[in-house]
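Should a chain be cited, it is by its letter among A, B, C, D and E, assigned in written order, with residues numbered from 1 in that chain.
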Amino acid sequence: LSACGSNSLGGSGNSAAPSTKVSVNADLAAKLPAKIKSAGEIVVGTDATYAPNEFLDTDGKTVIGMDVDLFDAVAAKFGVKVEWQPSKFDPIIVGVEGGKFDMGVSSFTINDKRKQQVNMVSYFSAGTEWATQAGNPKKVDPNNACGLKVAVQSKTVQEEEDLPVRQAKCGKNKINILPFSGQDQATSAVVSGRADAMLADSPVVSYAVKQSGGKLEAVGEIYDAAPYGYVIKKDQTEFANAIVEALKELDAEGSYKAALSKWGLENGAISDFAVNP
Amino acid sequence: MTEKVEAEQALQQEERPGRIDAVPVRHYGRWLAVAVITVLLLMLLNMLIFNPVFNWPFVLEVMNQAPVIDGLLKGTLLVTLLTMVLGVVGGVILAVMRLSENPVLRSVSWAYTWFFRSVPRIVLLTIMGAAMGLIFPQGIALGVPFDWKLIDWLGLSGDWRFLTLDANTLFSGFMGAVLGLGASEAAYMAEIARAGILSVDVGQQEAAQAVGMSRRQSMIRIVLPQAMRVIVPPTGNETIAMMKDTSLLIALPLTAELFYQVSAIGSRTYQIVPSYLAAVVYYLVITSILMVGQSYLERRFGRGFGTTVKSDKAKAEIGLQAGLAK
Amino acid sequence: MTEKVEAEQALQQEERPGRIDAVPVRHYGRWLAVAVITVLLLMLLNMLIFNPVFNWPFVLEVMNQAPVIDGLLKGTLLVTLLTMVLGVVGGVILAVMRLSENPVLRSVSWAYTWFFRSVPRIVLLTIMGAAMGLIFPQGIALGVPFDWKLIDWLGLSGDWRFLTLDANTLFSGFMGAVLGLGASEAAYMAEIARAGILSVDVGQQEAAQAVGMSRRQSMIRIVLPQAMRVIVPPTGNETIAMMKDTSLLIALPLTAELFYQVSAIGSRTYQIVPSYLAAVVYYLVITSILMVGQSYLERRFGRGFGTTVKSDKAKAEIGLQAGLAK
Amino acid sequence: MSEQSTTSGHLVRAVNVSKSFGENEVLKGVDMTVDRREVVCLLGPSGSGKTTFLRLINQMETLTGGRIWVGDELIGFVERNGRLHVRKDKDIARQRSRIGMVFQRFNLFPHMTALENVMEAPVHVKRMQRAKARQEALELLEQVGLSDRARYYPAQLSGGQQQRVAIARALAMRPELMLFDEPTSALDPELVGEVLGVMRSLAKEGTTMIVVTHEVGFAREVADRVVFMDGGVVVEEGSPDEVLLRPREARTRTFLSRVKQEAELGAQHDVELARTLEGLER
Amino acid sequence: MSEQSTTSGHLVRAVNVSKSFGENEVLKGVDMTVDRREVVCLLGPSGSGKTTFLRLINQMETLTGGRIWVGDELIGFVERNGRLHVRKDKDIARQRSRIGMVFQRFNLFPHMTALENVMEAPVHVKRMQRAKARQEALELLEQVGLSDRARYYPAQLSGGQQQRVAIARALAMRPELMLFDEPTSALDPELVGEVLGVMRSLAKEGTTMIVVTHEVGFAREVADRVVFMDGGVVVEEGSPDEVLLRPREARTRTFLSRVKQEAELGAQHDVELARTLEGLER
């Protein structure tokens, strides 16, 4: 059906085999929930519109990205494969609870609200970073964003927690928040000047700056460094703990760092993997 | 004599068959279908009531949230109203252009209609929300066209624009919602208005002109009122469709809108089923109200056209006999 | 004599006015409109060609990407085809139910139509994608209804279900797309099929039955072929609308679909204008093809109904006189 | 009252037939018999129930009271264990196929040619071979004088031609009985003759017919018996000359003189026009 | 050829009028004059261009050649500096308002009552006060015998009543000239009389009229002059008796004898029907 057409439009760091060979740990494999064990694969919900963490490869099917490489390695420790299922972002956590997905891996920043809902295993530290048009023509200062038009992907931590705090300090001179359903639209809004600035997870911002071909620049420091977490059902704490173990082993073997550096994100590496930190 | 006659009558009455009281044919297949459907309905009801995921109290709470109500009033109802106004006005203009004898006007109207009827609204709104600022980086200017070329030729500098609108303001938020959906609706209304105008008998136009009316007068006082009969019913449908299509504004995005607001609550509370359900209930209610309004309008616009509302009952009965054979 | 006659004729000919060669009225307003529109068109063209943001080579490249073509064929065209098949079949069944004399069937059909016509498709698809697994956590089972209650009463254990479908598989991806849009389309097609059946003169049904046809036969051989004339044109429109509505599958999401794929390229390359443009071009092309197909179908189904295709030209000319007064 | 009660030799026997639409009693006990090879003309003012009576015979409506037999069968019902049971759809269709009906508005199938209209029932109801059905259909079209119009669609035929195709279509099932409901009243005056001509020859060939008509001339010439109905009952019946010229009942006389009066009035306008031009030099 | 060329006293003067639709030349040089207070009946076979000629006078079509004057004005054009200029829409509307036209298919405005139909033009074209317009409209409806139908919508009126409202509507602008295009040919025979009656009394009051009609009786009684057209030219004209009874031209004679023949044929059917019942006892 798809014999015609090309696959020429590259993103970055196109698919390559995981950088290190990962060995299966039988002890961990034993701790897999029964459903995964019998299926031999983990069904993972992911919103594949969040480059470079998770996005579609040029074949339009394969989900690739830092999250994918890292968690594929984790799954390999358990001796199972990962079935990456593209989803909208909002229903992933509910989908994990409802059994639609076994897990959620989609750059979820760990926060209290999410921890109440599900188990979260920390695996990466991302901060929030701001970006604006190259040369910062609007003199954007993240610490004084009142009155600015700020683009953000909707339902992210930035929209739901970061901006409301800033908004509260602004009084009458409100931040004009533009929540887009995809990060690409938010980025485009800044490139086009529709928004004065955007804020997103630091990996995303640095990827956007790189992809924009000199149209964007990052402003300010990375702040609010907080861990990303894998989303696991509340009643699967044993499995969550096993994942922590797997991460630790990967770190020890060096394949953890390798997965991150493939995407230029080794800055976000952590070592204190934990359940619900 | 009388006795004999009576006796004869009695006899005849007995012999003459009276009212028919026959055993009807049993339609087993039909009743089986009813039984199956009834069970399915019971299961649905059972699910709606007892499945905890529906959480009806929470649904009501969501429906009662200020931003949800606000989104309903502004982003859904007000936008529907404004886009329909824009759509009807634009549609009539496009229809008149389409029926013009001037080929330029005619083709422009055709091309506009073709374009906006061919591109899905969600694609249109996504592009408006994300790309308009990129396409018009200097905004949209009212002034002398191609001024930069002219100024260049004349060896001058500066510009000849007296009003520049920021494309980002123009095509985003509430304004963008109304402009985008309105522009799209105009294309659909154009076809409807055209059909309406063409449906009026040519003789009406001629009779009006024969008594000395101008073309404009006969259009406004004679043709359009009659065209209304044809235009109003599909316009009602368009309004209902537009009300539902305001849910697409999530792609623009317009945040002060029903579907966006319930999604926000869903993602905040992780109660997505009851949150979406709140929107569904609102849509059901509003559509139902609009449908009633539409049937009223349809009746209102039949005025003076005699008993065009023929009883569909006889027809329906035949249809039913036909449809449910065996 | 002859000379005199000729002279007289010549004289008369001079006195008798001949062909009229009059100076037409200048419609300045109309020409102004044409001028303005021409300038606007030139500006549009100028922008399309010279604005670097459009990046036409990139547009063509996007259009030629394998996943984009795949999305077009599968997610857009194949889904359209399958949903329309589902919709037409479902619609005819619903229409027949609606015209039934059985009140249960009638109200179920009414309620189904009411529900699916009232809820926006994007809301429907969002709910299907996000919530179906929550609503049916144990999947959808085919078996004895209310078996758990019965088993409980009878003091047994186990279940009486012979086939359980996983709601998540059923309502997501390709399957979910076809089911969701198809179920919605059936509601729209039901109204169309019903109108079509009712449009056939009752006498046709009676004439068919009078020669000994069964209700089913007269429905299939006499009523439906005539109803087609009324059913086909709006079905063509529905198909075009459905093709466009496949873009809503981004809410499910169905990844193998045109709009999702161009968005993915946009999000990977940050070239969103040309990426979306690729989709717009595809939509324009396909809609145009479908429109041509539809007009062919419409002509095809007029067979045997005499010259119903009256010349709209005379009417259009009047309309135009009316419309463009001054 | 057994089912086999037309051993009497009548083809149609209607006893105490009544029909109500809701509250409205349209037929109030009609008795009528039609012998084989007999032509009966039904006359009566508008609303007297003539159409309803024909529709009852052909089961387009359901009886409210009374019985109708056609041939040796009770129409619409079967008697089992002393009770009437409504016939199944299949059975009703079979009974209908023994009766031909021609409507006021011809009701030809517009999506089929004249030939296809005539072939339709033999092929799809009788399951006759296509070739044979075509052969017979062509013969029937010949009989009604339309062999050259076989491939025309109804829309391409005049009203008179359409009505003749409708007659051929009804004859194609070789019915024992033909019902005609004002077959000429939707026709322009100049087309009436051709349809009446076809009916006249059918009558000559011995077809049993019940004809509702206002064409008094036709009735007088062709009918074996004329039945006059009014208000849902048979007012009087007898030979054409008896009923049309020497009616016993006042209601019959009133009706007929109104028919006559209308014809005279209609004639007057045309006669006057002709008279205006009487002096026209040739 | 000056614009002021009807000082001759004619109300209408048409000189060498021709009209083509594309290749098809429908009128081929028609000359005609109509005096004030004169009634002219236009007769001719179908397609001879009668309707087209009326439509040219009222500018529903544009002249291809020749000139038409109504009163002292050239219709459709103004002469300036020796050249013809098309009149502006406003000017055309003004000229039309001086001429009343009644169509074959009455073309009443269906969304207005009879009264509103008649008031429409006085109020919205002449800018007459509503009260006054209503007063006059009621008088006109009285004149056509419909004062009791003022509040009815066209759909609630019979054909004859609708046509009479259409006449009142045309009269409401107090036109100098009335044009009638087969005003009775869409009516059932029994309704023709009432419309002709209204027209007869208009003629008596001295209204200038051009009437296209096939009602030979009306023409003979009411017309001052009858004009016979065929093939886009005037074949002959003269007094009614001259043209209708002693036509000079063969074409006129052929046409009239065909009219006569058709009337006779139509009469025949009705006469026969009446004759069938002739023996009917009273």
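In this text, a residue touches a chain if its C-beta (ideal position, glycine included) is under 8 Å from a C-beta of that chain, and two chains touch if they have at least 3 such contacts.
Predicted, not measured: the structure shown is a model, and the values here were computed from it.
**Student:** Look at all chain centres (mean of CA atoms) and spot the one farthest from the centre of chain E.
**Tutor:** Of all the other chains, the one whose centre lies farthest from chain E is A.
**Student:** Among the chains here, which has the CA centroid at the largest distance from chain D's centroid?
**Tutor:** Using the mean of the C-alpha atoms as each chain's centre, the farthest one from chain D is A.
**Student:** Counting C-beta pairs in contact, pick out the pair of chains that comes out on top.
**Tutor:** Looking across every pairing, the one with the most contacts is B-C.
**Student:** Nearest whole angstrom, what separates the Cα centre of chain B from the Cα centre of chain D?
**Tutor:** So the centroids are 49 Å from each other.
**Student:** Calculate how many whole Å lie between the centre of chain A and the centre of chain E, each centre taken as the average of the chain's C-alpha atoms.
**Tutor:** 84
**Student:** Which residues of chain C are in contact with two or more other chains?
**Tutor:** Expected reply: 126, 130-131, 134, 137, 206, 214-215, 263, 272, 325-326.
**Student:** Residue numbers in chain D touching 2 or more other chains?
**Tutor:** Touching at least two other chains: 89.
**Student:** Could you say which residues in chain A touch two or more other chains, in rising order?
**Tutor:** Touching at least two other chains: 90-91, 94, 97, 184-185, 188, 191.
**Student:** Check the chains against each other and report every pair that touches.
**Tutor:** Pairs satisfying the touch definition: A-B, A-C, B-C, B-D, B-E, C-D, C-E, D-E.
**Student:** Could you please specify the touching residues of chain C with respect to chain D in the complex?
**Tutor:** These residues of chain C touch chain D: 201, 203-204, 206-215, 217, 221-222, 225-226, 303-307.
**Student:** In the complex formed with chain B, which residues of chain C make contact?
**Tutor:** My answer: residues 30, 33-34, 37-43, 46-47, 51, 53-54, 95-97, 99-102, 104-105, 108, 114-115, 117-123, 126-127, 130-131, 134-135, 137, 145-146, 194, 197-198, 202, 205-206, 214-216, 218-219, 223, 244-245, 247-248, 250, 259, 263, 272-273, 276, 279-280, 283-284, 287-288, 312, 314-326.
**Student:** Under the definition above, what is the set of chain B residues touching chain A in their complex?
**Tutor:** 126, 129-134, 137, 167-168, 172, 250-251, 253, 255, 263-264, 266-268, 270, 272
**Student:** Which chain D residues qualify as touching chain B in the complex?
**Tutor:** Interface residues on chain D, with respect to chain B: 1, 15-16, 18, 29, 63-67, 77, 83-89.
**Student:** Show which residues of chain E lie in contact with chain D when the two form their complex.
**Tutor:** 189-190, 192, 215-217, 220, 244-247, 253, 256-257, 259-260, 263-267, 269-274, 276-282
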